[in-house]
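What follows is a set of structures for review.
Presented sequentially are two complexes of chain A, the first with chain B as partner and the second with chain C.
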Partner chain A sequence: MAKLTIPAQELMYGGHAACPGCGPALAMRLLLKGLGPRTLVSIPACCWTVIATPYPTTALKVAVLDNAIESTGASISGLRAAADALGLDKVNIVGFAGDGGTADIGLQALSGMLERRTDAIYVMYDNEAYMNTGIQRSGATPWGAWTTTTPVAGDLRGKPEPKKDVMGIVLAHRPAYAATLNPAFPEDFNQKVEKARDIVGPRFFHIFTPCPPGWKFDSAQTIALGRLATDTGVFPLYEVVEGRLRITRKTGQLKPVAEYLSAQGRFRHLTPDDVTLIQAQVRSDWERLQKREREDLSLAH
Partner chain B sequence: MIEIRFHGRGGQGAVVASELLAQAAFLDGKQPQSFPFFGVERRGAPVTAYCRVDDRPVGLRTSITAPDAVVVLDPGLLATEPVADGLKPNGILLVNSPRPPQALIAPAGVRRASVDATRIALAHNLGTPMLPIVNTAVLGALARATGVVSLEGLTRAVGQFVPARPEENRLAARDGYLGVTVLPGDASAPAPPPRARPPPLVLPEGPIASVSSETLHTAAWRTFTPVIHLDRCTKCNFCWKFCPDDAIEFDAKGYPQIRLAYCKGCGICAAECPPKTIEMVAEA
Partner chain C sequence: MTAKVLSGNYAQSYAALLARAQVVSAYPITPQTSIVEKIADFVASGELHAQYVKVESEHSALQVVISAAALGARTYTATSSQGLLLMHELLHWASGMRAPIVMGVINRAVAPPWNIGADHTDTMSQRDTGWIQFYAESNQEVLDTVLQAYRLAEHPDVRLPAMVTEDAFYLSHTVEPVDVPDPAVVDRFLPPREPHAVLVPGEATRLGSFTGPEHYVDFRHQIGEAMARVPKVLETVETEFERAVGRSHGGALPTYRIDDADAVLITMGTSTTTARSVVDELRASGRRVGLAKLRLFRPFPDEELRRLARGVDRIGVVDRSYTFGPMGPAATEVSAALYTARHRPEVTSFLAGIGGRDVTPGEVRRMFETLLSGAPATVHWEDLEDEGVTRIHG
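Entry: the complex of A and B
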């Protein structure tokens, strides 16, 4: 076997109930490779609760706690308290929630967990809508995207509101570690997981997880679309360690955002003016991110 | 009362077909009922839906175990799903297939019918070759084969309830109506061979599930299978790295091989393979 660039261990089984080409399924597989077997995962109502546990089976080789959609943050605070009380040493406590269960329904529990300084990793896997219930818009759905509750018909042109900046909310809590991860870049993904694993305190991952049925693209293109999201600047890769931001994938010249948008049916109705608007927003966000990196660098030590 | 069971794959429109049939029956003045089986609603996964049609309100709320008609939207399901289970002796088995109904295996007495709904759907630009939307063509065939609804009722239902491409769907229903082939029942037909059923799962005791999901095979979800041409494989492991189904393992020489019981045929490995050694081949 050629040298592997990510850990060989598999802590996710086949036979799970994810759709073909599922981004969240790959995200879980890569996450557990980096964390290892001494891991407890708390999963709220989301795609993954269905993926992991068609009765009476489990798709994970680590322990899974099934919890309610608003409670992921609280549940991992509780799991950490229980692990401490039992004297369990070196165990990773992980909450693995969708964007709806994080940006909308579980936001206060996430805030509570971060503010309590719970020693745990909270993962938001972001497929940008309530996909398990059939593609309803969430706070993390981007502007202009079609969903079943932001239809395209007559005057209706997809979601009229912009995507919620969950990372901004998380960073306001001064977490020990926070990062954006993308399964299309497995080595970068794994480095961040292994780094966060060895940090004590509240940690947060925002993972970009394309959804073929919900975003309307061919299931073979999940990785290609993930790469495009980062290389166009729609989903930049960075990490924030003790408040200092570092961009982990530098793209000299961003690709036009139209390449990313035109690859998905959910953006098919966008006009050239819409695309120009999105391009301007992505560019200014990217410049703001680079500016913050420069400033944080000048502050360092 | 006429009871009809639909078998399809997630994304193919089996649930919508059942609802549309109910709408058509309603427009014919009947009292229909339609609901899906609540299961794994994933693209490609086997899906079941039920429809009852009667002259009086239907009080029954159970799933259909002894159908008068079974409709199969994807012939690939014949090999993996017990579609004909419980079919009444004089019932009808309607399959979307380019092959004549003589090729179908059905219980004694069951009338066999087939319609090439995939060809009809693609001729009317409904769906893609990977995922043709065959439901209106199949419903046209069902209307002819069973008389459960009139073509007129079906046409009106398509016009009222199909938001996308109503005209193309109307034409597909008509072509399905005209294109179906039905064989009379053959009471002396040999019984179909008994189907091998998976052994029953042994449930663990205690509160922690410990049955691996690998006891569930997802091969039936697949419409295309990856085939690796190892002569050009560079052992780069990209296929393994990006597989969301943990369906790639390595042989003793370090070459990748597909775990076919778990591969759902998403095509990521073929798309990401740098030397393009993986080919997606349509399932027979």
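Entry: the complex of A and C
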């Protein structure tokens, strides 16, 4: 029998307002299990504004602060400053922002927080579009994906630009810790949360959070799709500690990316040539990641 | 008490020091910079035990202090002009969060064209954001008002953010003797903030949240009620300040020689000092003129104004900005407040000192002459009448 490594504590109430199969809801639940009750969460305008349920109710058993959509990085700097000024011990400060609130409008405040070495965890939960406003493209939407502002019509075949490399931007700031997390791999997820919890300095999580209504897939398939994302190499799992990258889920042979794409309505229009292009990009990114890991490993010795 | 020769900006810094601000956050902008430089010195020397968060924009500066205030810290920030405009969205957040932040604002013109001179357009365009607004006349008043603003902002009947503004360069970079009260005296007047409705680690609390129409109106109405209580609370705060420090600045709408006045001029900030000397001069030659200073602009002291206007037939309002309404912004407020008064004086709007122009004694004399002449009330662009300055047309 495998030992269950996920903490039993639940800091999220069942009566939240997420859609069935919501990836961001799972991400928050797992995150809080690893961080514990002394956690302050700052949430900008995003799906989680609503998931946390309206006044006077709340879906979380921890303290929540709402902040403007572009200022999550500054908000957690303020919470950390106040916690230090008031002598509050052992408090986890967390910013929990969507991909739009991070990769686009919140990028400046994120950069400022990382550069100031704020002792806090910034989470980008990535559902790859502005989902709370109804599926508009963000900088984190992948190439070829349909959204309401990247329609499929005539020559138009979804988003014509590639996904923004937010991890690359974050790593350029040399954070104390950065990792990719996927709720479909809860042990890996929890290990990273517990590891980051005990590190001092700016920490960043890029969490993969499938969105059934936005990506057009059956809400019963969130975990299956999450596993496919990592097993095809679309969303590899790794962590970077003090600049050294380690892949935390080794995939001997990547599954064909077509399996991941064909499971979602947002990619339904892609031609075999499109899929070949995406496959080539995913393979090249995966090879680059493995090369970086080998180089970092050799530096470590 | 120690007499120091301080700029208006250093008066802000010393006030933040005396208030024992716990979290300070700021982004540099001319002419605010010497405030935050001095605070950096205070923090570096250990005189001020504050977390000083140096941010990448004014927007983030205000978010830092909003979030710090949400956890119960006493906070300070300062900005000017474009920086204040960038904060606009978060000014609403601060008041909506009922965050008792105190902010120094150096009144500076708004671009384009770039201009760093004194002008109230920056704060006037933020008058509807739920912040208490003070306009200071002297460096002493800057220091004292910042201390009073903390008491007011943190008062259980108020719990709103406050900005203490000062005219660019006339105060920000001009030094004058300032009495700096002893820290022990200030500590008695301004004890540590008593946190109310703040985030508590480990407890299911939420600040901000979202609501439908069933609750939203209550939140807005409560801000309105808190604002309405400000003039009354300010009276108490000033009384206590006077008892502790020995000075008062006359409340929301201090007046000067208005008894039996035929014409009263209403000013804001530094033009008040000039106008006061002109009042003395005209009074000496038998003209019945007086002066009132809009020290508090938000909430607007309409009751005080109606009391003042009972015996006055002609009121002039000097605005250092224009907001494209029917008159200057302060003149519009004065007119609105007096429209329902039993005795309704004529209100004339004078726009003067725009973009760093001096408001001269000659200009003020002309304003009083206009008022006393009984000319129909209208809007006067006083700066355009000034022949001492070369302009691109006219």
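What we mean here is this: the second predicted complex is superposed on the first by the 297 of 301 C-alpha atoms of A that agree within 3 Å, B and C clash if a C-alpha of one lies under 4 Å from a C-alpha of the other, contacts with A are read in each partner's own complex, and residues count from 1 in each chain.
Everything that follows uses one rule, which is that a contact is a pair of C-beta atoms (placed from the backbone, for glycine too) under 8 Å apart; a residue touches a chain by one contact, two chains touch by 3 or more.
These numbers come from a predicted model, not from an experiment.
Asker: Quick check for you: in the superposed arrangement, does A:Leu254 touch first (chain B), second (chain C), both or neither?
Answerer: In the superposed model, A:Leu254 contacts neither chain B nor chain C.
Asker: So, A:Met167: does it touch chain B (first), chain C (second), both, or neither?
Answerer: neither
Asker: Now for A:Thr39: first (chain B), second (chain C), both, or neither, which partner does it touch?
Answerer: Touch partner of A:Thr39: chain C, not chain B.
Asker: With the two structures laid over each other on chain A, which partner does A:Ala74 touch: chain B (first), chain C (second), both, or neither?
Answerer: After superposition on chain A, A:Ala74 lies in contact with chain C alone.
Asker: Now for A:Val91: first (chain B), second (chain C), both, or neither, which partner does it touch?
Answerer: In the superposition, A:Val91 contacts chain C only.
Asker: According to the stated criteria, A:Ala109 is in contact with first (chain B), second (chain C), both, or neither; which is it?
Answerer: second
Asker: Once the shared chain is lined up, is A:Val62 touching chain B (first), chain C (second), both, or neither of them?
Answerer: A:Val62 contacts chain C only, not chain B.
Asker: With the two structures laid over each other on chain A, which partner does A:Val50 touch: chain B (first), chain C (second), both, or neither?
Answerer: In the superposed model, A:Val50 contacts both chain B and chain C.
Asker: Overlap the chain B and chain C contact sets on chain A and report the shared residues.
Answerer: Shared contact residues on chain A (touching chain B in one complex, chain C in the other): 50, 52, 54-56, 58, 63-64.
Asker: Report the residues of chain A in contact with chain B in the complex, numbered from low to high.
Answerer: 1-2, 4-6, 10, 12-23, 25-26, 29, 50, 52-59, 63-64, 183, 186, 212-213, 218-224
Asker: Inside the complex, what are the residues of chain A that reach chain C?
Answerer: 37-40, 42, 49-50, 52, 54-56, 58, 60-68, 70-71, 73-79, 81-86, 88, 91, 108-109, 111-112, 115-116
Asker: So in the complex, the part of chain C that touches chain A is made up of which residues?
Answerer: 22-23, 25, 49-51, 53-57, 59-61, 63-73, 89-90, 93, 199-212, 215
Asker: Quick one: in the complex, what on chain B touches chain A?
Answerer: Residues in contact with chain A: 10-11, 40, 42-45, 130, 201, 203-204, 208-218, 221-222, 235-237, 241-247, 250, 254, 259, 261-262, 264-268, 270-272, 280.
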